[in-house]
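Input: a single structure, listed below in structure tokens.
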Amino acid sequence: MAQHGYQTGRLNLPFVGHCTFAKQPICVDLEKIDADVAVLGVPFDMGTQYRAGARFGPRGIREASTLFCFGHAGAYDHEDDVVYMPTDKVRIVDAGDVDMVHTDTTACHRNTEAAVRQILEAGAMPLCLGGDHAIHAPVIAAFSEQKPVHIVHFDAHLDFVDERHGVRYGHGNPLRRASEMAHVEGMTQLGIRNVSSSNREDYEAARRAGSAILSVRDVRRLGTAGTLAKIPAGQRYYVTIDIDGFDPSIAPGTGTPSHGGFLYYEVLEILQGLARQGDVVGIDLVEVAPHYDPTGITCFLAAQILMNFLGFIFQARYERKVPA
Amino acid sequence: MAQHGYQTGRLNLPFVGHCTFAKQPICVDLEKIDADVAVLGVPFDMGTQYRAGARFGPRGIREASTLFCFGHAGAYDHEDDVVYMPTDKVRIVDAGDVDMVHTDTTACHRNTEAAVRQILEAGAMPLCLGGDHAIHAPVIAAFSEQKPVHIVHFDAHLDFVDERHGVRYGHGNPLRRASEMAHVEGMTQLGIRNVSSSNREDYEAARRAGSAILSVRDVRRLGTAGTLAKIPAGQRYYVTIDIDGFDPSIAPGTGTPSHGGFLYYEVLEILQGLARQGDVVGIDLVEVAPHYDPTGITCFLAAQILMNFLGFIFQARYERKVPA
Amino acid sequence: MAQHGYQTGRLNLPFVGHCTFAKQPICVDLEKIDADVAVLGVPFDMGTQYRAGARFGPRGIREASTLFCFGHAGAYDHEDDVVYMPTDKVRIVDAGDVDMVHTDTTACHRNTEAAVRQILEAGAMPLCLGGDHAIHAPVIAAFSEQKPVHIVHFDAHLDFVDERHGVRYGHGNPLRRASEMAHVEGMTQLGIRNVSSSNREDYEAARRAGSAILSVRDVRRLGTAGTLAKIPAGQRYYVTIDIDGFDPSIAPGTGTPSHGGFLYYEVLEILQGLARQGDVVGIDLVEVAPHYDPTGITCFLAAQILMNFLGFIFQARYERKVPA
Amino acid sequence: MAQHGYQTGRLNLPFVGHCTFAKQPICVDLEKIDADVAVLGVPFDMGTQYRAGARFGPRGIREASTLFCFGHAGAYDHEDDVVYMPTDKVRIVDAGDVDMVHTDTTACHRNTEAAVRQILEAGAMPLCLGGDHAIHAPVIAAFSEQKPVHIVHFDAHLDFVDERHGVRYGHGNPLRRASEMAHVEGMTQLGIRNVSSSNREDYEAARRAGSAILSVRDVRRLGTAGTLAKIPAGQRYYVTIDIDGFDPSIAPGTGTPSHGGFLYYEVLEILQGLARQGDVVGIDLVEVAPHYDPTGITCFLAAQILMNFLGFIFQARYERKVPA
Amino acid sequence: MAQHGYQTGRLNLPFVGHCTFAKQPICVDLEKIDADVAVLGVPFDMGTQYRAGARFGPRGIREASTLFCFGHAGAYDHEDDVVYMPTDKVRIVDAGDVDMVHTDTTACHRNTEAAVRQILEAGAMPLCLGGDHAIHAPVIAAFSEQKPVHIVHFDAHLDFVDERHGVRYGHGNPLRRASEMAHVEGMTQLGIRNVSSSNREDYEAARRAGSAILSVRDVRRLGTAGTLAKIPAGQRYYVTIDIDGFDPSIAPGTGTPSHGGFLYYEVLEILQGLARQGDVVGIDLVEVAPHYDPTGITCFLAAQILMNFLGFIFQARYERKVPA
Amino acid sequence: MAQHGYQTGRLNLPFVGHCTFAKQPICVDLEKIDADVAVLGVPFDMGTQYRAGARFGPRGIREASTLFCFGHAGAYDHEDDVVYMPTDKVRIVDAGDVDMVHTDTTACHRNTEAAVRQILEAGAMPLCLGGDHAIHAPVIAAFSEQKPVHIVHFDAHLDFVDERHGVRYGHGNPLRRASEMAHVEGMTQLGIRNVSSSNREDYEAARRAGSAILSVRDVRRLGTAGTLAKIPAGQRYYVTIDIDGFDPSIAPGTGTPSHGGFLYYEVLEILQGLARQGDVVGIDLVEVAPHYDPTGITCFLAAQILMNFLGFIFQARYERKVPA
């Protein structure tokens, strides 16, 4: 039996084994994280105003991510002729999920903020998997001890509601909350579109707060370079991606889809440019609801865009250190 | 055009027209209800500990109910040779849904309790469509000004948790909360089964509080009559039906299914007997999650059991008034 | 309890309450309509030649429409900087569904025509939700007492079959039937494409009847302005939208999908232009089959395009009255 | 290459090859049928009053039947120790589908009747796959030149409506129509249950017409033998099976499910007994709607019950010829 | 922030965190297993003859198992008044999945056998999650160095094919392969039923090999005690459960469903009795195909039956050590 | 009854009748094929590394193809003003499926190669419906006695792996295998994109072997004409289309989707140009997995692209013979 797989290495096909993000090692003791990136699930969906189910987003994205990460020492992209995320250079851990307390939004957000603080203290970049967009408020709050950030926000909706019926921490409020924090220096909001994306008052409040707001059609008119030019260069970027910023054709599995959204390369190329023109220090990707995603393409989109984005970030960091 | 349908009456097939419960008239101004039964949706699912989606329960049950109520002046049952719910004798209104405030369990429960109080003040029997089982606590609380009730509870789970991590009003707690209320005189819990239905402490607490607890196999051993004999006769009954009390074969569309549950006639016949041995004064049916119900059979089950139960209740009331 | 929602207004989230189009008031007594727009469901699908299910189109679109219409006095679009459909200026009612008679196409069409006539007599613009495209024939027939119209038709298929095996009123015939009516002055057919869209004889018959026929690629080559220039300006437009005119990527939930269809902004911008260059006097949107739409995006598309189109129409009417 | 499959026979797994019923040969020229059984699809669903889709019933049942028929010369049942349907003794052909004319119920029924007449003239037993139950009327009409039959009917619903709004040939009417035919001598209706199964007038009309009507609970009380005793022995039986006679737990994929239906062995054993106590001369199985059957179990049920029933019929015929 | 969840323990709801079986610790280094039970996924489905997808069985069952195992120190069953699997007495590890080599059945089986041997050498009981039933052959082969076992087999199909077209290790062959092994002393096959369960030759071969074969109806006639009496007492039992031994109503999510199968308590009670009358030394549960299980009930069934069975096994072992 | 459909021709709607490709005649005896095109299913999916189910690809594509082929003598395309595939000029037969042997990749591939050889010997062009992409290796091997071909390959993945863990004939290897064959003169690979499409070594091996490799963005930059210019003109082309070359928005129903793929017209126009610039002598379309395609659009895409491609091929052949 000398030749069997257990002694000579494993093929480790995508459908084999436990689901961690990109099949990376687990480290649920946040105090012991020793990595470049810590992937943290935040399975909270009490903030949604329509279809729930984003609580299964972390599981859905983890499973989808297995498709993109087997067998190789890094991910080769022939278009860029780069091997992204060489396993000896970029260390990722899957930090499990924040503990959730049903019925209690405050407790969930408190746990979320505490977990992200621990990751930051451990020196890793947090990559948070929602959950609905309400999680962005406690996640960004956890950056209060860090240097200021500029938020780059992809979404169909402005998410800039102040308060309605006492609600301040639902999925319509997080960018408003972020805008109130001292360590948030600026904000670029991309993809905002159509009826129900915002009311006029909130839109004007966002503009007054200094936010740059571009619709999908604005971004198309500007092109990738023109869009990137609207985002101040040389900043520390925090990127929050609501999957409904993408078009329902490729991201149907979400609570509040809105037609006319971004296609894949549009976001990919902005993220690639962003990684080059500043330092990405945190990411959340939210609103993936696997039970509205029978074909899996929304989960694959989330996983694929994150895998690429991590590659871009660390390649850019590497290139800044080692000029060509 | 003298012969067209609008002048000579409508066929009104189930798939035609707005979805109200059993195609009954809408009355969303609760103060103006003048009916025997008021159907109230409570689309709350922040109390669930696993799969969400019961917020769409009211819509799912309303749509399913259209199948069972067209074209006739009441519902004939050839097995009983009775026309149930003659439209000239039983008046039902659909009172719409309780207003929900996302992220805020307390506000949702407060609105729920207030709405049920209004229905009771209007003299109608509330029939509440969940939502998850957490809604039972505010619904039963609204009976505080009424004469005492005995609760008859169908469920896979005991729902008798006192508090965990501060949670007292989730979907695992409502019968515990009810047991603490002065106007709840007793409790019979049917269908409780298997691992995860309760821990030993909560089970013992329920027994100490006077609850009679029967598993599905207990009920089968006792038979319908034997089971009914365990429920004190001549009481005012409040009936709370968690759809997961039924077997997953007929009720897959719910958040926390548990195998080995009740089949259709088992519950139907207990409800029929119950309507005869006392007065049913309120009902809730909870935990229907339509997005886990691709064939619709869970919604049909909820609608079918409720339609029959209403028939039994009013037929029994009628028979008590008009002895054969 | 002074502070509860029932006394201080409702948040009225999309998943709460009965499903009417855009959560607008119900008025099923067509003789009593007093509104600018009357939304009428026509749940007929006996005209389809492949997958049935469009009978649930009205319910699916109504539910989807709840996503786009909560909480605000009108719908703000930051791209146009306009609040569309201010609730004090545009009055919409949901007129319920036409009565259907199973097995009997003639009776269904007769009921449909009669209902639309009543709406027109009440002075409201009919917005008809199919149902399959066969409903267009009786709907447009109901305009016989109105001033002539030009039909603008979005579809993958020409729908210009005269008669096969005696069938004259199926979903392949309605534009042929319309072309035979005196009050139909012209026709522009957009999106017609690929094998199975028409045979040569019907295509030539449509051209002879004066129809302008553009494929999706034709429209892309012409651009929005170029396409609009092909439609005679200053007319009274009746717009019939077969959801399969859109691409299957965003409209999979339909009976006979055809790849290579329109994307969202392509149709949106044509509709916006159309509303400005003439007067839209009637609309139908057909062939939405919710049971082939597990993610809901087809229903959302129908609702979103209709909500925007209504906004454009009444904004254009307003602007014509009140020049800037 | 001498050893490849094409020269040494095929394994012919269920998922391989075209879908015919039980992988039997095709004979769509009805005049050329030379077989014991001719399987005929009747993909008509304009008779349904709720969810359409039974038009895909024939395709769904054909595909499911491939599971039960590969590789063996007949089907061995170890419980009976019989090889049913030895391929050298029972000849089945798949006769394709009746031609359908959308929008035109009369034409569809006329084609159906004509096709069944041709099969009968060819000396084969027709096995008709619906389609909705409306197809039973033309199918049974086609037996007018045959010796009289007794109809055995499995269904949740009585299907004995005379006429409503002019409808006489929908899926609620077929047994009424059958009862009016001279060649229908009697009728046993099994499984009829619960609200919406019939109104009182139709129930009484059926009884007056001589029908024996048993609910599911009646059948359970009587047992198989007791039930069979209610059906006159020694008759020529025509069996019409509405799949909704079965319980929704095993037959969810149908237009109008009703809880409390038959389980598998209940129907199987009645059919086995029936085959022994008389001669089965025709069968239809209707109301399978594959698009409401995501797991396929409804289609498997239809195929499995039909495969067994055919086995019982021909085994009984064989045993009558060759007494043990 | 002293009070947050990370410092005071976690609620750890079912939807939170990585999916391991019953949320037990991971140990993928099989040489380091120190536990009573090692759960091993075998995601192989190249042995199936109809619908594939059992490769996702291990993931589906792991996720479903999270529902049944949160928050308590063991699982209380009020019917038995026992706390099963007290966490301080029964140690379970999740050993991950066997490495699979696509296209190569032999390599997959070799890896499977090697992994089970390692678990046995580590002194743990293997609990294998299929994958299709083909995995049983290498799993049982791995017991060759152990004391002999009696196999208890739940299935719709006999799985006793010797060879067809050269296939000896597909999902129709494993019990035949097992019967050829010296360490397999006997076999009881339960649930075998209906056409396609076996051909006559294989049935007779199984009988000749000493197998006791009972259909579902046989088991019902015998009752639990009578069935258990057919299984030799005091043996070392290896239990192989094909999920299609259960009825399609509760186990639709499998490749080759067969109606008329076991219900939940039927199998549960046999397993409970079996654990008492001998020593269970190994388990596999196979043929769960999550993509045919849209409601999740098949995965829940697998998890629920396994959780209970483990409880019974270790409770019985405990009771044998500590007589009451 | 003189007027019924059977005597006057059939309407033959798409949902009526057995499913053969484009409703063309069946000829499963490959030696008797007398046709221009033979459609052959190859339901093999043991080569996939992630989601299985492509074994149902042939059935899914056949059913979808019925939508595009009824009632007319050829398929009219108004954009080209051509009637494609006039039934009197292009003869297609459906040759059924290759026999599959579960567990045995070698046997399946051997059967596949033998079947394609028979089709070629019969003088027909093989159109193979996968199954996963592993089938391409035996299919292309069968061309060894034909004149050399240039392979045009649409795919997200390079499929150029040599060997891993002994696997040489899985779905990641076929183009490597093809490149080793003497009768394959060249290769153009279109759509290859993103992480997981290839590793660097395989990419470089493909380039060394003379393959031209273009990403989706490369093709967009080049345009249709520019892309066609990269493919040597005047060759005999074999076209292999992995459905995942298309974007997940229109082809979700496949095992390993990758975002950023081709849209419909992009591939259509390349295929149209290819048919004109050389002779297409064989086609396979692979990786359609209907169970991940709940709306059917992936199957429709496969059928629609193939129907058009066949039209282009035979129209080009016709035009070469009969210059305009």
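Which chain is which? They are A, B, C, D, E and F, in the order written, and residues in each are numbered from 1.
Just so we're on the same page, contacts are C-beta pairs under 8 Å (C-beta built on N, C-alpha and C of every residue); 3 or more make two chains touch, one makes a residue touch a chain.
No experiment lies behind these values; they were computed from the predicted model shown.
Q: Applying the touch definition from the top, give me the chains sitting in contact with each of subunit B and subunit C.
A: Touching subunit B and subunit C alike, sorted by label: A, D.
Q: When C-D is set beside D-E, which has more C-beta pairs in contact?
A: Pair with more contacting C-beta pairs, C-D versus D-E: D-E.
Q: By how many degrees does subunit A turn when fitted onto subunit B using C-alpha atoms, rounded in steps of 5?
A: 180
Q: Round to the nearest whole Å and give the separation of the Cα centres of subunit E and subunit F.
A: Distance between chain centres, rounded to whole Å: 41 Å.
Q: At what distance in angstrom does the C-alpha mean of subunit D lie from that of subunit B?
A: 37
Q: Using mean CA coordinates as chain centres, what's the gap between subunit C and subunit E in Å?
A: 55
Q: Could you say which residues in subunit B touch two or more other chains, in rising order?
A: Where subunit B meets two or more other chains at a single residue, that happens at 5, 11, 13, 15, 49, 51, 55-56, 101-102, 107, 165, 167, 247, 249-250, 292, 294.
Q: In graph terms, nodes being chains and edges touches, is this line, ring, star, complete or other?
A: Other.
Q: Which chains touch which?
A: A-B, A-C, A-E, A-F, B-C, B-D, B-E, C-D, C-F, D-E, D-F, E-F
Q: Which subunit C residues qualify as touching subunit F in the complex?
A: Answer in residue numbers: 49-51, 158, 164-165, 167, 192-200, 203, 213, 215, 217-218, 247-250, 252-253, 256-260, 292-294.
Q: Give every residue of subunit A touching subunit F within the complex, in rising order.
A: By the definition above, subunit A touches subunit F via 5, 11, 13-15, 67-72, 75-79, 83-84, 247, 249-250, 264-265, 268, 294-297, 300-301, 304-305, 307-308, 311.
Q: Per the contact definition, I'd like the list of subunit F residues that touch subunit E in the complex.
A: 45-49, 51-53, 55-56, 101-105, 107, 134, 165-167, 169-171, 291-292
Q: Considering only the defined contacts, which subunit A positions touch subunit E in the complex?
A: Residues in contact with subunit E: 1, 4-6, 10-13, 15-20, 26, 28, 30, 41, 43, 55-56, 59, 62-63, 94, 96-102, 107, 110-111, 114-115, 118, 294.
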